[in-house]
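Labels for the chains are A, B and C, by order of writing; each one numbers its residues from 1.
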Amino acid sequence: MVDVTITAASHQNWKPIVAAAFSDPKVAVGGGFILLLIILALGADLIAPHDPLAQDLMLGSLPPVGMAGTEPGYWLGTDDLGRDVLSRFIHGTRIALTVAFVAATIAATVGTVVGLLAGYFGGWIDVVVSRLIEIWMAFPAVLLSILIVAILGSGMHSVIIAIAIIDWTRFARVVRAETMAQRQADYVTASTVLGFSRLGILAGEILPNVLWVVLGLFTLELGLAVVIEAILSFVGLSVSSDTPTWGGMIAQGRGIIYQAWWVFALPLAGLLATVLAFNQLGAGLRRSLDPVMQR
Amino acid sequence: MSALLSIENLSAVSRRDGKPILRDVSLQVESGTIHGLVGESGAGKSTISKIVLGIVSGGVVVTAGRVMLDGKDLVQIPERDKRILIGSQLALIPQDPLTALNPGRHIGDQLTDSLRMWKGFNRKAAWARALELLDHVAIRDPARVMDQFPHHLSGGMRQRVLIAAAFAIEPKLLIADEPTTALDATVQKQVLQLLKRLQAEHGTSVVFVTHDLGVVAQICDDVTLLFQGKVMEQGTAATIFNAPRHAYTRALLAASPRYDNPAAGLNPIDDAVIAACYAQIQQFDGVQHG
Amino acid sequence: MIGLITKRAGMAAVTLFGVAVVVFGLLRVAPGDPIAMMIGPGATADDILRLRASYGLDQPLINQFWIWLGSLLQGDFGTSISRRIDVGQLLLERLPATIELALMALLVSMVLGGFIAIIGTLWRRHWASGAIDGVNGVLLAIPEFVWALALVLALGVAFPVLPLSGRINPSLTTDFRTGFSLLESLLIFRFDLAADLARHMTMPVLALALPLAGIIARVLREALSEAMMQDYVTLARVKGMSELRLILFEAMRNAIGPTLALTGVQFTFLIGGTVIVEKIFSYPGLGNMAIDAVVNRDFPLIQGLVLMFGVIFILINLLVDFAVVAFNPRLRHG
C-alpha cells in the first residue's frame, strides 16, 4: 500500500493529503481496528493464551467470563471439544487477512490492468473486455467461487484464486470508465502533443490518477474477501479443517449454537467489525482524498 | 388600508457570513395594480419575492420586519397556515419555463393541482376548467396539450401554460419573477400582453420582478427600485420615469434602451453614481450597527 | 426503439453463449471422469467406452461443445448424479421456492429502502437525517451472509421468535399443487399455512433485503434531494403542497426511474446471495441445492444450476433495459 500512495502522489505535494487522511476519524477508527487485526495475525502464537488446536474434553463448552461455570484463563469460553475460542479466533485472523490481502491485490492488479487497456485503447480490446465483464456478471459470485474451489481442490491457494477470479471485474469496470474519462482530460492531450508514447501516457499520466479510485475499491474488496473466505470455510471448502478459520468456527458454532453460542458469536462479531472497519476506512480515505480525485 | 400586500421594514442577512441581503425594505402593493420590483442581479428583488412566497432558501435569515398579506404576517404565522394561505391566495409565474414544469407529469395534472387542492374542484370539473384556461392563454388544441408532457411544448407555450396555472385559482396576489427573461424578444412581447390582459380581467394584484426598465414602463403602475437590498426610489411609474429623484434611477434610465427614442443610444452607468450608491449603503449599515 | 430492443436482445444472446462456453470450460477442467461418476461401479471398460461415444466424449473438444450445447437447447440437462433425477425436473421443482424468496426480499428492500429515503429527504435539514444516513451506511456495508448469521443469533437464539431452518413446519405440510407455496396458500385462504411460511421466510428475506434496502435508500435519497431543488418543486411548493406530497408526487416521479434501473441490476446480486442464505437457513431452493451439488461434485446438476442462474440474470438485465425505455416519457416519445 505504501508504494501505491507514493507513486500516485508523486505529482503533487502529498504530505498534507496523507496527513489529512490519517486525521480523518473514519480512517483512524477503521484503520485502527485493521491494525489491531494485523497485530493479532502476526503475533498469534505469542498473543493467543492457548494452543488453538489443544482439545480437552474435560473443559468442553465452557462459557465466556461473566457467566456461570467459567474456568480461569478461558476468557471467551471453549467449544464442545474444549478448545479455547479466543485462541482459535486470534489464529483465524491469519487466514482471513492473508487471503484478503493477497486475493484483493491480485484482483486489483488484474482488474486495473485490464480496465486501463480497455478504457485507453478502446476498439476490439474494449469490446472483448466489456463482453467478458458482462458474462462474469451473469454468474452468482458465491456459487462461482465455491465451484472454482471445488474444481481446484480445497486450500488457501484455491480460495485466493477463486476470489481473484470472481472479483477482478469490480476493478476492471470502474477503472475502464475512469480511464475513458481521464483520456479526455487536457493533460493527456497535452502529453500526446508533446510526443509521449501511448504506453508512457498510460503508465505515467493516467495510472497515477486512476490509482486513487483503485485504492478505495481495494479497501472495500479487502472486506468482501474476508467474507468470501468465511463463506468458503463455512461451506467446508476453504483450508483444511485443522486450521482455525472464522468461517469454520461459525459453521461449527452453528451446529452447537444452543449449547455454546459463543463459538458462533465471536467470529461473527469479528466478521461484522472487520467488514465495517474496511468500509469506514474506505469511506474515510475517499473523503480525505476527495480534492485529489476531483482534479 | 387598501394595500393587499404590505412589506414593512424587512431586513435579511446571509446565514453564512452575516452580510445584509435586504436593508429595511418597505413597499405596498395596492389591490388590482402591478408593482414593479426593479434592480440589478443581487439587488434583493428575488429574495423579497421568495420571502413572500415562503420559498426562501435556508441561506437567508429574516432579521426584522413584517410581510402583511390580508392582515396576516407571513413571517410569523405557523408553517402549515402559511402553506395553506400561500397556496390558496398567491401564485407564482417563474422565470424559466423550461425547468418550472415537472418533466414527469402531464400538463393537465400540473394545471389542475391548485384547483383540486384549494377550489374544491373534482377531477373532471378541474379538467374542464383547465381546458378553458388554456384556451384563454391562446393555446391551440388545449385538449391535446393537457395530455402531453412538458418536453413536447416550446418555451413560449410552456410559459403560457404556467400563466394559465397561475391564474387558475384566481389568486389575490401574483408574483411574476422575470417571466420573460428566458424568452426571445417576439415571444416576450406576446407574453407581456397576455399577462397584462389577464391581470386586468381578473383584477389581480401583481408583483413584477425584473431588471428591465423597458418592461416596467410597459405594464407597471408602481415601481420600487432596489440596489444592494436597499430601496433607492419608490413611486408611481409615471413619477419614476418622468421625474426621477435619485441619481441611480436617472443613470439606469439613461442606460436603458429607449423605446420612444431609439436614436438616443445607450449610456453606461457612471462609476461615480455606483460609488455614491455604495456610500449610501455603507452609511446605512453604519447607522444600523453604530 | 425496436432497433434498441433488437440490439440489446442480441447482446444478451452473445452473453448467454459466453456463459455456456465458460460453464463448458469449467466442467472440462474439473478433475474426475464424468462418465466414471455417472455409470457407477461394476461397469466394464467397454461400457464406459460406449457411453463415452454416446455422449460424444470421444470427439474433438469443439465438437463436444456443439453436441453439449445442442442437447441443452433441447432441454436435456442430463441426470443428477447424486439424486438420480433429471436435472431439468429438479430445477423446476426448486425454482418456485427461490423465486418466492427473491421476490419477497426485493419487495421488502424496496419498501424499506423507499421508506428510509423518504424519511431522510423529509428530515434533510434535521439532525436525525445524519442518524438515518449512519444506519443506512451499516445496512449497505454488511453483506447478506453476515446479516444472515447475525439474524440467526439475534432472532433464532437470543430471542428465539423465528424458526431457524426450513420453509414450512413439517407437521403442517399439505399437498401444494405448485411450488409457489406462499402464493398458493393465500389463494386457497389457508392463512395458517401462509403465516408459517412467512415466519420461515422472514430471516432469509431480511438477510437478502437489508443490503439492497441500503443501496436503494442511498440512491433514491440522492435522486430525491436533487429533484427537491428543481424549479418545478419550488413552483409546486408555492401551490401549497405539503413537504411529503412534494416528495411523493413531484420529486419521486423523476427520481424513481434511475433508482429502479439500479435496483434491477442489484436484484441479480440479491439472487446470487440466495445461494449462501438458503444454505444457512436450509431453505429448499436452488441455491441450497447448488451448494450441495458442488460439495457432491454433481456436475450435471451444477451445470444446470449455473446456466439457470445465468439465464435469469441476463433476462433481468434485459427487462431492466426495456423498462427504462418504456417508463421514461422522453425516451418513449423521443
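Throughout what follows, contacts are C-beta pairs under 8 Å (C-beta built on N, C-alpha and C of every residue); 3 or more make two chains touch, one makes a residue touch a chain.
Molecules present, by chain and UniProt name: A = Peptide/nickel transport system permease protein; B = ABC transporter ATP-binding protein; C = ABC transporter permease.
Bear in mind the structure is a predicted one, so any value in this text is a computation, not a measurement.
Taken chain by chain, the contacts run in an open path, each chain touching the next and the two ends left apart. Relative to the centroid of all protein Cα atoms, the closest per-chain Cα centroid is that of C.
Inter-chain spacing, taken between the CA centroids of chain A and chain B, is 58 Å.
Separating the CA-averaged centres of chain A and chain C is a span of 24 Å. If each chain is reduced to the centroid of its CA atoms, chain B and chain C end up 53 Å from each other. Put simply, chain B touches chain C in their complex at residues 53-55, 58, 83-84, 86-88, 90-92, 94, 96, 99-105, 113-114, 117-118, 149, 151-152, 162. Residues 11, 14-16, 18-19, 22, 26, 29-31, 137-138, 141-143, 145-146, 149-150, 152-153, 156-158, 268-269, 271-273, 275-276, 279-280, 287, 290-291, 294-295, 297, 302, 305-306, 309-310, 313-314, 317 of chain C are the ones touching chain A in the complex.
Those residues of chain C lying in contact with chain B across their complex are 125, 230-242, 250, 253-254, 329-330, 333. Considering their complex, residues 131-132, 134-135, 137-144, 146-148, 150-151, 153, 223-224, 227, 230-231, 234-237, 250, 254, 257-258, 261, 264-265, 268, 271-272, 275-276, 279, 283 of chain A touch chain C.
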